[in-house]
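Chain IDs A, B, C and D follow the sequence of writing; residue 1 opens each chain.
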Amino acid sequence: MTQTELPTSDQEDLRLLRESARTLFERAGGSGRSRKLRDSGGGWDADMIHELAEAGVFGVTVPEENGGLGMGLAAGGVIAEEVGRVIAPEPVVVTVGLSLGLLRRLCPDHAKMEQLVGGETVLAVAWQERGPNGGPAEASCRYADGKLTGGKAWVVGASSAQGFLVVAQGDAGPVLVLAQAGADGLSVDARRQADGSAMGELSFSGTPAEQLASGDTVQDALADAVSDTTALAAAELVGLSARAFEITLEYIKTREQFDKPIGSFQVIQHRAVDLNVMCEVAQSGVREALGLMDGEADPKVRARLASRAKARAVTAAKKITRDAIQLHGAVGYTDEFDIGLYLNRALVLSAWLGDDAYHRRLWFMAREAEGAA
Amino acid sequence: MMTDWNAMSDADFRKEVRGFFEAEYPEELRNLPHRPKFAEIAHWHRKLHAKGWVAPAWPAEYGGMGLNAAKLLIFYEEQQRWGVNRGRDMGVQMVGPLIIKFGTQEQKDYWLPRILSCEDIWCQGYSEPGAGSDLANLRTRAEIDGDDFVINGQKIWTTMAHDATHIFMLVRTDPDAPKKQQGISFLLAPMDQSGVEVRTITTLSGETEFCEVFFDNARTPRENLVGELNKGWTMAKALLSFERIFIGSPSLAQNALGQLESFARGRGAFDDPVFRDRFAQAALDVEDHAALYARFADQLKRGETLGADVSMLKIWVTECFQRITELMIEAAGPDGGTIGPLQVGNVGVDVLSSFYKARPGTIYGGSNEIQRNILSKAVLGLPG
Amino acid sequence: MTQTELPTSDQEDLRLLRESARTLFERAGGSGRSRKLRDSGGGWDADMIHELAEAGVFGVTVPEENGGLGMGLAAGGVIAEEVGRVIAPEPVVVTVGLSLGLLRRLCPDHAKMEQLVGGETVLAVAWQERGPNGGPAEASCRYADGKLTGGKAWVVGASSAQGFLVVAQGDAGPVLVLAQAGADGLSVDARRQADGSAMGELSFSGTPAEQLASGDTVQDALADAVSDTTALAAAELVGLSARAFEITLEYIKTREQFDKPIGSFQVIQHRAVDLNVMCEVAQSGVREALGLMDGEADPKVRARLASRAKARAVTAAKKITRDAIQLHGAVGYTDEFDIGLYLNRALVLSAWLGDDAYHRRLWFMAREAEGAA
Amino acid sequence: MMTDWNAMSDADFRKEVRGFFEAEYPEELRNLPHRPKFAEIAHWHRKLHAKGWVAPAWPAEYGGMGLNAAKLLIFYEEQQRWGVNRGRDMGVQMVGPLIIKFGTQEQKDYWLPRILSCEDIWCQGYSEPGAGSDLANLRTRAEIDGDDFVINGQKIWTTMAHDATHIFMLVRTDPDAPKKQQGISFLLAPMDQSGVEVRTITTLSGETEFCEVFFDNARTPRENLVGELNKGWTMAKALLSFERIFIGSPSLAQNALGQLESFARGRGAFDDPVFRDRFAQAALDVEDHAALYARFADQLKRGETLGADVSMLKIWVTECFQRITELMIEAAGPDGGTIGPLQVGNVGVDVLSSFYKARPGTIYGGSNEIQRNILSKAVLGLPG
């Protein structure tokens, strides 16, 4: 029944990790800091990257022998929740889930591992491609003779990254290569997102890149890293939702209309209860899914669990942030109140790596495949 | 000597319980779709009684198993897993704990063994026509007359009253109390007397498990007052604390989901991607609810007291259960209005019966509206 | 914009028709009469059939030269709404939509037309078949040498009808034939429905039957008659929903909890408002659809409009009757209050001829086909 | 002489209006995604003014078209159909009717022509930080001082105040009135004075159409009081009656649905049956809403007064509009969080902007919660 039941010592570790991450973000200014970064044009704060690295955040799932904390995805989720609570723009989930997710599986001894864990560099990961109708398409970006040709889409943090991990088609199957920001023949078309962040479309014409790994293991590692990232994004949404709910609860306790707090109206109360229940279900479901992923080796099962997490987290975050705007009334529609920042961040995180309907479809298909196997 | 179940490991205990149910519980009684009369399950009850397992939560000194919270959850989980009927358990679940906590030694000595043996079969007289969500609004009067209380009034939604020998009830003993929660007492009364009349209520599905009970100068001896006079309300509330997690247990929804899945598969409903999506929503609603349930269950197992927030389990799961049964109706297509089992492969699935069964969950046990009122104030701290 | 705008005289005709149908049903005992019929084992009241016939109900859409009122589907909808309001078990929609819908298109001079319009006979229509997994299947019931072989499913009113109009495969394409109740080799397996009515599965082994029509016109007439019937069933659900809402509104005004009517609680009020809005949208949408069907000759467009009507009506009726039970609280779950009868009837009418999800699918497909044409 | 538009057949009138818009309305202003400043639409306004069509609802004697309800609806329907911007119409829609109904002859002579010519551009000062859903709770004071009113306080959500020359406002003129709906007056005031400060409010989408307006001993001549002193509340309510159907018009949702359909088609979202089902739900929600809207419009055309039940249009359509834009986000898949137009075929669809645009509908113009309160009492007759 309670498959996620952890030994008490592990639970205690997670509690400490949560506390230290929360303290770190709150000291740095909480969501106010995130607002300032957005107002100054997006991107992230280099000092914060270093602080996070010092706290071990980026290496949370990296084995201790590679300089990480050697904890699991559940621990990564704890950190992601805290990132979500303050809508921090730093690429924690991308780094933990994708960049390090790929490197630790494919080339754990590469120097970039240490640099990423240590916050000395930030890489963006380019693995998806856009088709003619604007949606995702089969990969066609090629790597040959040390050079990349083609394009990649939906690269998170493309404007600020110091380099790109690119999954491309090599002569003998898939490869993982590293291209430097500003390399020859590399152009980055960055589109601003609702939360102020930049999502990039890359195009390569003979861009030099270093090969890090090749063969089917690249696809396998990518699939598993995407599962991790999807689950971590779900955790980030859970933290975001929880905080958005708290902010809203506080607001309806103080905002008065008709000479009483709007939170004294039964309709508002019941809506708040429903959001609260939604938050708690999402938190429990997502935490359980991440915990189960830690104990699971089969990548297909891990993918199903990640889809479970993201489906739930997106459903909850959409509902909570949208209702939060309504409960705030007119001020919710302004940029002056933080709640709008949460809505905007939720829009971005929900769209990234697939929304709830998408992941319900994957979840069902995975479940059917397991049943048939 | 008595076994100290709590000293066993959880795994061993689960194995023990599972083994007993699997070996001894009659196949034809598994997952009974209706509430049985006692006669129907008497044979099983006698087996349980012989084993000493009728009252898992009661202290051993009163004939119970004396299980702690962790073991109790395991016991119930296994019971649900194997589809073991809970029997006529109002005596064990409600009256027994009440007498154990508030009763006199004489009351304990007299009533508890009769509950365990099912010599007495109990029903619960709480709700009244004017006291539903507003339970404290009850009007059934009990007045002292010599050695007896004389009872007048009406109870309603009394489950299986037509197959009970006794009723435990909340009655108004001081009509002049300043607040309606005061002046209420807890009485035990025999059903087999001329002043008590039972009428079954037909539900919209045609079932007759609920009853109205009319009291017209019915009598019960004064010694059948449990606890202090006029303090019944507080006692009744105290009884509910451990119950609150069970009313939010995922089992009903999980069972319904399993039924939905096999029915939908047999009927080819999974060929429709829209149906698949809605099934996935329902299934994930149940999975994630179970995760939340596990969190509360862990609290219990750690010996913590559950807060008012446990009510969220009930809200979520009862509504989820309803949606699942609504999907069954959908999967049935043109048979969605048909009474009785619908054939899929070798089995029959009664989709309408499941649909009906899911309806009362949002109404009884404190309607979901009342639960939301409670959460709003007690958990969210909202005013007014 | 207001495509359904009828000439004032037509609107007045419909108003009068509505009034007379309502008076007729109310005088006969309203929903109380329906309850009595259910309690006595289902079926309908022969006297009521005659009264309805006298009022012209069955012939509402039959041309005047065939003894009908010569009105359109909108008028049929008015009557169906009134049938729904009192959950009358008489087969008004089946007769108007299916039996007469087939006969008036295929053999308007057949003697059964007059008998049906005059209430002297009631026929059930057998046109669907059940496949091996329990769902609908391709037609395989055959008619040859004056005899039927095979089976039919989901025949409404099978237990009480005096005969069956059967759509079968003849030697030269589809045929419409008439078999008498109790004919040789005909067996009827009737399953009781939630509302107490009987739905039949017929099986024929050399059952004698009279051929009424043959050829592709049979399929065309069937498709169009099914569209009519679907739209009329939607109207019946609209009437049912409106009355279920009225009953519930009355109840929440009088039922007291915590010393005040439950209808004074804001949460209950808003829910009542939502049901009311749902009722009104359904009524307008369904009436508009039926009105448009009257002015439309293309059977595909008519089918789309019928799907629009049924999709809306089922969505509304499900929501309204289920919420009505919740708003009634415990008594809503008993058979003593009428609201349960409305829930049960809504279950049957929703399942019959396809529910909302089914009709949304048909609607979308029809719309795409029109767009492509 | 003036044309008597009401004497024309509906069809002829529609043709006339349609023809003018199609021929004269600048292509680049069709379906403007933002509220324009006056300069942006001045050219079009001059055309309208020359044609005498600035104020369709005003009586001809004041320079309006004098349309009856039926013709007015046609005018607006065609305006929406062709994506004609309503311009800076607060003067025409709100101030003009107010002055026509309650103003003095001097006020009419002075203000009305300036409204038609847009020499004065008006904004509406109703809402205040403490007076949103509870509009009557307003605190902005106006006190008589010699020949002027002196105004102190703050207005908020004042649309386009930064591009207005005048404000019409509800102010408190008797703070001691026994009910808060009393003691409110209707004032006209110039914006261009030192006592008035305007700050734009940035919305969560980055737009700056809304403003805060601060009054610090701002002045307006006493003759700018419209109607009786302290009777402003009743006047403001009277103004809203005809507006109520427009706030529930299907046009925004219909336009969004069209946008959704072409976007989804271009993106291949219709390949997904689940998406198709949700699109069908939304499309049918809009169609059936339009049928209900037509019912109310027919009432108006028959010369009947609309009851409080017309509010249901607004509730339904604003929520429907939101769902449609949420589907756009879904159809955008991984681009769902991207600002600005997303390419489909040769056109760009700005899904986020549509999503944001749909948000305020359920909040402004009487939030949907307030509308439900009103319907509950005024239409359903529910107590309390």
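Convention: a contact is a pair of C-beta atoms (placed from the backbone, for glycine too) under 8 Å apart; a residue touches a chain by one contact, two chains touch by 3 or more.
Computed from a predicted model, the values in this text were never measured in an experiment.
Student: Of all the other chains, whose mean CA position lies farthest from chain C?
Tutor: Max centre-to-centre separation from chain C belongs to A.
Student: Which pair, B-C or A-C, has more C-beta contacts?
Tutor: Higher contact count goes to B-C.
Student: Hey, how far is the Cα centre of chain B from the one of chain D, in Å?
Tutor: Each chain's C-alpha centroid was found; their separation is 55 Å.
Student: So the centre of each chain is just the mean of its C-alpha atoms; given that, what is the distance between chain A and chain D in Å?
Tutor: 40
Student: So, what's the distance in Å between the C-alpha centres of chain C and chain A?
Tutor: Taking the mean C-alpha position of each chain, the two centres sit 52 Å apart.
Student: By residue number and range, which residues of chain C touch two or more other chains?
Tutor: Where chain C meets two or more other chains at a single residue, that happens at 265-268, 270, 357, 361.
Student: Give me the residues of chain B that touch two or more other chains.
Tutor: Answer for chain B, listing residues that touch two or more other chains: 273-274, 277, 369, 372.
Student: Can you tell me which positions in chain B touch chain A when the two form their complex?
Tutor: On the chain B side, the touching residues are 73, 77, 273, 276-277, 279-281, 283-285, 287-292, 294-295, 297-298, 309, 312, 315-316, 369, 372-373, 375-377, 379-384.
Student: Give every residue of chain A touching chain C within the complex, in rising order.
Tutor: Listed in rising order, the residues of chain A that touch chain C are 265-267, 270.
Student: In their shared complex, at which residues does chain D touch chain A?
Tutor: 127, 130, 132-134, 137, 156-157, 201-204, 206, 210, 266-268, 274-275, 322, 326, 329-330, 332-340, 342-344, 352, 355, 359-360, 362-364, 367, 369, 372
Student: Quick check: in the complex, which residue numbers of chain C touch chain D?
Tutor: 1-5, 249, 252-253, 260-261, 263-266, 268-270, 272-274, 276-277, 280-282, 284-285, 287-288, 308, 311-312, 357, 360-361, 363-364, 367
Student: What does chain D use to touch chain B in their complex?
Tutor: Residue list for chain D touching chain B: 272-274, 277.
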